[in-house]
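One structure follows; several queries about it will come next.
In this document, chain identifiers A, B, C and D correspond to the written order of the chains, with residue numbering beginning at 1 in each.
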Amino acid sequence: MEEKNGIVLAMFGTSVVKALPGLLHVREKMVEHFPETPVRIAFTSKIIRRIWQQRSEDADFLQTHLNIPAEILNVQGPLAAIANLQDEGADSIVVQPVHIAPAEEFFDLASYVEGLNSIHTVKAQQKPFVRLVLGRPALGTYGADYPYRQDIVTAAKMLSGDAGLAVQDKTALLYMGHGNKHYPSSGVYFEFAAEMRRQYPGSLTAMATIEGSPTIDDAISLLLENRIEEVVLKPFMVTAGRHALDDMIGGKPESLKNRLEAAGFAVRPILSGLGEQDEFARIFVQHTVDAAQDAGIHLR
Amino acid sequence: MEEKNGIVLAMFGTSVVKALPGLLHVREKMVEHFPETPVRIAFTSKIIRRIWQQRSEDADFLQTHLNIPAEILNVQGPLAAIANLQDEGADSIVVQPVHIAPAEEFFDLASYVEGLNSIHTVKAQQKPFVRLVLGRPALGTYGADYPYRQDIVTAAKMLSGDAGLAVQDKTALLYMGHGNKHYPSSGVYFEFAAEMRRQYPGSLTAMATIEGSPTIDDAISLLLENRIEEVVLKPFMVTAGRHALDDMIGGKPESLKNRLEAAGFAVRPILSGLGEQDEFARIFVQHTVDAAQDAGIHLR
Amino acid sequence: MEEKNGIVLAMFGTSVVKALPGLLHVREKMVEHFPETPVRIAFTSKIIRRIWQQRSEDADFLQTHLNIPAEILNVQGPLAAIANLQDEGADSIVVQPVHIAPAEEFFDLASYVEGLNSIHTVKAQQKPFVRLVLGRPALGTYGADYPYRQDIVTAAKMLSGDAGLAVQDKTALLYMGHGNKHYPSSGVYFEFAAEMRRQYPGSLTAMATIEGSPTIDDAISLLLENRIEEVVLKPFMVTAGRHALDDMIGGKPESLKNRLEAAGFAVRPILSGLGEQDEFARIFVQHTVDAAQDAGIHLR
Amino acid sequence: MEEKNGIVLAMFGTSVVKALPGLLHVREKMVEHFPETPVRIAFTSKIIRRIWQQRSEDADFLQTHLNIPAEILNVQGPLAAIANLQDEGADSIVVQPVHIAPAEEFFDLASYVEGLNSIHTVKAQQKPFVRLVLGRPALGTYGADYPYRQDIVTAAKMLSGDAGLAVQDKTALLYMGHGNKHYPSSGVYFEFAAEMRRQYPGSLTAMATIEGSPTIDDAISLLLENRIEEVVLKPFMVTAGRHALDDMIGGKPESLKNRLEAAGFAVRPILSGLGEQDEFARIFVQHTVDAAQDAGIHLR
């Protein structure tokens, strides 16, 4: 029987209009690669979905924001995105997380997929899904099939452009990631920064996370040890959203920019998300290719 | 935090326009009882959903069927109905099966609810549902909280009107149920018919199922033993749908009407589903009340 | 890698020493068929396991009951039986229910198997089981692979000897099954009795269950309608245990024997369980063969 | 109804007799704290269980190893340990992992507990467990109730003795942990080492893992940067087992000792596992206290 399939791009989401390009660019790369497969965006954050819901009913907002895609104004959560694809006939679905690290959001999403896959019916053909699979985050996940270390190596390869921003003497590239104080996922941040330093010995790459480790203090120590004077500051996130605006360059004294300047560094912030970079966005496409291939799903 | 809730009425579905009243009447009773709670219809049959999907895009059909509610033209499956309610903010949902017996469809639906309830998240507030519960079919299900025998007694009570159709001498009421040759659920049909005979000794109630037991032969034997001459024939289903039209009164020799006439009975078919009867429809409402109450869901 | 496998025979259990032959005979047939496969008995009833546990520490009991197999004195529950087989190296296990009907106990056991099968590990070879499957009860279960109606036909075939007990005029065979007022499984009892009557038109087979339908009254009605005078009474259970002793022939007025005698029948009770009959015991062996075959488990 | 409970101490296991003290010492602390609660050891490694199984049947081994507890000779896997406790009447069980990090083994064990907890029965009292809960590893796990960072702080506090081994000038404490190249759990190792350095600024603590990050090279870099000359080398594991013997001080050139000596450091290995230290062993006891308390299990 003919397979009908689809892709759900699941991400935390953003309410910051200027941050949409990062997300939409990942979607664009996915659609370019699979022009005949429905691709749906899902925001996992209830709060952000509610903001867009209110905006979709707000005439003033709509008038002053003519270019926002309908899919964002009416953005769904992962359950509804998957279920509606299924309702339209798709029985083979890849859920691709647009996540950097395998952490809280990814494991929550994995539980969604596991729960939906646990649905069994008396007759096999009545099952809602023939195949429902989960791709892996940019920096990989556990398992021997795709060792996460290899995903870290690949991610670093795709960011040669970013490394090139810090080749000058006394200049470093500092990424600001999200992190999670309630999920022990800091390892991939430490390992990624080390891998950048390994692949690009001419540039110093440092990492600071907002909520976890490595901390801003860890990063500042590394920069001071290496006698850095200028710091190129980039979000280590798919989009330059709320966190980029507030935690990275915001006015409060604890913002990363202010902390760095207080420690004596010149700061050059770049307000773009990794999703806006073709090569990084394509990591998510490749992970979807992998998941589909392993499951025998023929995305086109 | 304020509870937002909803009800999903899940049923096999029907593509027969004339059969819609049975389903819609159950919905009506539910909305009457809970005027402030969203009530969504879900069809579990993929094939039937597809038929309505095609009709919703068919200008001719739409022109000649002006009274079909949008909710039927755009009818969703159970996963999408639940997920979209959740996406709209409902975190406490009762899934009420509009099923007669606890059989294949009901246990499939139970697996949906179980799968969705198995979704766990790192932070409790991120769970998609606070409470997602399943009501029970008209004739009940397993468990000690609501012994199915009591549900059978109640169902028989609600059908005194039907029993009244067979009070005349030599007249019997014959229900045609669906049954299932791959699901051993015949007991509730046997027990229900026996309970009707117990509650209404002045009328003889018999039962025949299309796919299981009791069989048409079982029913004919009972009628012959009791020297019945006239048979009032009613679907023992929520709607008088495809099966009623074909298997009960259809032209082929194996249709129940033709089998009965061949055996010498006069047949008086009544083409209405049990869902069209207020008292029977309210059974589903009561079961939703029970499920909500047990789960601490405050439907209004 | 070499498959190590095993069989767990799961049954409610009995504390009645005289009832053990029924259970042990099923085990015997299984071991005859698979002489090189470990076969373990598991009792699902906690109360009965506790009784045997106390007896295993009671010197008086042990002295006066020299022939009780160690496996009964130390009988385990299903979880321990499965887990200990697994601990001994068996990674492919068939759990064969020694149940008559697909009812409460069977569905509980199915949940055990489902829960154990849901255990997943980062590396596939770390999973506790390669294959853990469930056989079906004597009268089958839901699903299209082994339609339960066929299992009912087969069970009736295997009981030609029992039918032969009632060939005389005015004699009937009355089975006493367990039934369950909290689990709607009466259908298989109704259907089985009807199948016996179909296969053995020269004998009248009736069925009464202790806890459900058909009831003793149903059975007595059928016997009276057929002008029966003598009733051969047999337990429709694997063992002639507590229920046989008490509910079938016990001294209280409600016992089946007393009810029948009060209704005017002569009663000839036969105190043996179906498990003591080779052909019936082999049904469980065949179902284990089926489950193993479907799962690619090579029992020897 | 009276609660009967038990504790299962789950660990990878060891076949090295000299390494048993680490495991047994943890058990000792648990039994001291809960003298009236059964405490069972479970080894998760099939291979190691098989080695002990063979030894338990090897007369020569038994003669030359008179002091090995029966519980080790007959050691069970986690499923059998839990199931046999349950078979003995315990319906409330805490499974305490004797793991350092929340990584592959811990998440596998969590899946066991989740699978067993998913078993549901028609009647609630038939469920195998009233409460089956999982404690957390020494360095914690995800979740907001017990932030893993706090567990890291506590673990570092409990190892002041180890820090004291490196107070001399040019001396460092180097822990060798296991790590996992297929499970992204390196963060807790990085963070723990940083926390040791924070709590004990007078000693330099470094970390190297066998299979993951931080690597031996990472550790050597840190030691060289800090002009360390002598390295106190300790396993960052509960027992000084196979890995300590081989990977830490073994003869092959890649062993940590040989790598360090090749890099010019004097090495002082200490062959004891963290489980042998009272304060560290009590971490596992405290985590069991927490899990029991949260679940309302009254261990005594």
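Simple rule for what comes next: a residue touches a chain if its C-beta (ideal position, glycine included) is under 8 Å from a C-beta of that chain, and two chains touch if they have at least 3 such contacts.
Only a predicted model underlies this, so the values are computations on that prediction, with no experimental measurement involved.
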Partner chains shared by chain A and chain B (touch criterion as defined above): C, D
For chain A and chain C, chains touching each: B, D
Distance from chain D to chain B - Cα centre to Cα centre, in angstrom: 55
Centre distance in Å when chain A and chain D are each reduced to the mean of their C-alpha atoms: 34
Where chain C and chain D are represented by their mean Cα positions, the distance between them in whole Å: 45
Junction residues of chain A - those touching two or more other chains: 104, 107, 118, 122-123, 142-144, 182-183
Chain B-touching residues of chain D, taken from the complex the two chains share: 118, 122-123, 142-144
Touching residues (chain side chain C, partner chain D) in the complex: 49-50, 76-77, 79-80, 82-84, 86-87, 89, 104, 107-108, 111-112, 114-123, 126, 128, 182-183
Residues on chain A engaged by chain D in the complex (per definition of touch): 101-102, 104, 107, 139-144, 147-149, 181-191, 194, 212-214, 218
